[in-house]
Amino acid sequence: MTEVVVVTLIKTAIILFALLTAFAYLTLFERVVQARLQARLGPNRVGPFGLLQPAADGVKLLFKETSGPATRDRFLYLAAPVLSLAVAFTAFTIVPVSGPTDLVVLGHRISWYVTNTNVGVLFYFALTSLGVYGIFLAGYASNSKYSLLGGLRSSAQMISYEMSLGLSLVPVFIVAGSFRLVDIVNAQRTWWFALPLLPAFIIYMIAGIAETNRAPFDLPEADTELVAGYHTEYGGMKFALFFMAEYINMVIVSSIATVMFLGGWWGPFGILPGPWWFLLKVVAVLFVYVWLRATLPRLRYDRLMQLGWKSLLPLSLAMMMATAVVVVAVQR
Amino acid sequence: MLSDYFPLLIFVVVIVGFGVVAIVVPGFIGGHRPNAAADLAYESGIVPREGARRRFSVSFYLTAMLFIIFDVEAIFIYPWAVILKSLRWFGVAEMGVFVAILLVALIYIWAKGALEWGD
Amino acid sequence: MAIAVFFVAAALAVAGGIGVVTFRQPIRSVLSLVVVMLALSVEFLLLSAQFIFVAQLIVYAGAVMVLFLFVIALLGPARETGRGRLRFQAALSGLFVLALLGLLWSMLQGIQYRQPDQGTDLSTFGTVQSIGIGLFTKFLYPFELTSLLLLVAAIGAIYLSRKEGDDR
């Protein structure tokens, strides 16, 4: 019991630190990669190669004055960013960073994940569905028109893509026969699921990008019409928490994609240890995120909703039934 | 079984604690200069004349209702997916009927124009 | 430990329930109901019902309550006013609460608390697989009927949201 508490607290501290670092450098990574894709230099003044830029941004946000509309709902206004952040971080508890054997430290066997439950990925779906609250409440509590409309749009978008996000992973569950992420990664020892289940992978990535409100589906915060969307009225550290939640959600979507489709910690030829392969794949998926943002124009809101309901939903159902037929047909 | 979920509890408590600290602390270390203009909601420089909470398009409401229907559908699909290998063709047929009926629902709402956001 | 979690979740559920009826702003009432749903999901987990735990989170906390939020956004900032209140409302509700508590108490008298059956395997009880096998073999007929129910719900949703005087 005590051992579980101590080990979990250490893991929590490591994940908190790792995800905060990932968030800080993801913002820099995004700015530099986007700049290079557009033949610019990007931030390069703060520290060598601009590496201290995230620290400078963080310190700035920490010392900002706290202000907001006087007519806001104070409790909900403060609760919304905490909620968004907690939901984003908690999703990482189910991700196995390496395997298949546990890490042995001073005679204690330590697993490479926080939890590995029977419901596995379903818990991630539960968290994404709770993620709507932070965004909706931010928009509602601010009592500002841009915020409310942005929050409403954002939450409608999230629930519309949530179905496709869930259904696109069903083929993986069928093939692996489990929800446990560790089992799913182990089933990909020879073949990554991205190859046989390519359409499901593509649907998952589109739904995942829409679910995290990123370009080209970032209309909830379309600068030209809704300013900053649901977080228009947030500043300083409260804004930073939303920003953090958004980037950590990107990391989560990439991690789940790695586990579900890209073979998790398995790498060819066994040349690198598991965690490195995992990190490499997550960074590769994150690069796609940034690449898409630099390349694609934003969709119109009605087109966005129609893409979710009229294309992704039927396609993910079709992919699911097709996988079921093939799996049963080849089964002996 | 329950012990699988215990680390989750610890994790959530720590993270919420972190969030609360991150919200509360800057309030003390940040500057504070009260200003009547900063207390207004941002409307691109226009002084707001009324609160923001007003009625919104019924499409949002309809989307949420349709979402519940397909979310419940998905909840039934998940347990089917992991045991399909033991259900075999029987399982495919079962889910085929279920999904077919729901496709009728999708085609119906599509034909009724509930998925249009034009107006 | 499990007992402590049970009482914390139960207290939250009751507090949420009280919040639903006492808050004046509709959004606070909805959020109280969300607290009830979250607390109930924890109680399901304590009963080893893992799948029901996530289903409760996904469907009730994540979908039904979101619809409630949207309805509030749709209706605008209406605050509950005293209009439509009965004259003896407080006394009447107190009476009903007492009656309900009495009913609950009398029901609890007949309960025999017991351990799970000796044959129950707690390592598979409540898992997604065990629920799935029950659902897709023994309860196949109700499961297929559910899809018809969802179809009817879709038709109802479209009907409810049509425009006034619009008979499409």
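A, B and C are the chain letters, set down in written order, and residue numbers restart from 1 in every chain.
Operating definition for what follows: a residue touches a chain if its C-beta (ideal position, glycine included) is under 8 Å from a C-beta of that chain, and two chains touch if they have at least 3 such contacts.
Because the structure is a prediction, the values reported are computed rather than measured.
In terms of C-beta pairs in contact, the better-connected of the chain pairs B-C and A-B is A-B. Geometrically, the chain at the heart of the complex, using CA-atom means, is B. Taking the mean of the C-alpha atoms as each chain's centre, chain A and chain C sit 29 Å apart. Between chain A and chain B the centroid-to-centroid distance comes to 14 Å (mean Cα coordinates, whole Å).
The set of chain A residues touching two or more other chains comprises 117-118, 122, 129, 140, 148, 152, 156, 159, 162, 179. Multi-chain contact residues of chain C (touching two or more other chains): 1, 50-51, 58, 62-63, 66, 70, 73, 128-129. Within chain B, the positions touching two or more other chains are listed as 1, 5-6, 51, 53, 56, 60, 63-64, 66-67, 71, 74, 78, 82-83, 91, 102, 106. Across the interface of their complex, chain A is touched by residues 1, 3-8, 10-12, 14-16, 18-20, 22-23, 25-27, 29-33, 35, 38-44, 48, 51-53, 56, 59-60, 63-64, 66-67, 70-71, 74, 77-78, 81-85, 88-89, 91-92, 95-96, 99, 102-103, 106, 110, 115-118 of chain B. Put simply, chain C touches chain B in their complex at residues 1-2, 5, 45-46, 48, 50-51, 55, 58-59, 62-64, 66-67, 70-71, 73-77, 122-123, 126, 128-129, 131-133, 135-137, 140, 143-144, 146-148, 150-151, 153-155, 157-158, 160-161, 168. Across the complex, chain C is touched by residues 1, 73, 76, 117-119, 122-123, 125-126, 128-130, 132-133, 136-137, 140, 148, 152, 155-156, 159, 162, 179 of chain A. Interface of chain B with chain C (complex): residues 1-2, 5-6, 9, 51, 53-56, 58, 60-69, 71-76, 78-80, 82-83, 86-87, 91, 94, 97-98, 101-102, 104-106, 108-109, 112-114.
Interface of chain A with chain B (complex): residues 4-5, 8-9, 11-13, 15-16, 61-67, 69-71, 78, 81-83, 85-86, 89-90, 93, 114-118, 122, 129, 140, 142-149, 152, 156, 159-160, 162-163, 166-167, 170, 173-174, 177-179, 227, 232-233, 236-238, 240-241, 301-302, 305-306, 309-310, 313-314, 317, 320-321, 324-325, 327-328, 331.
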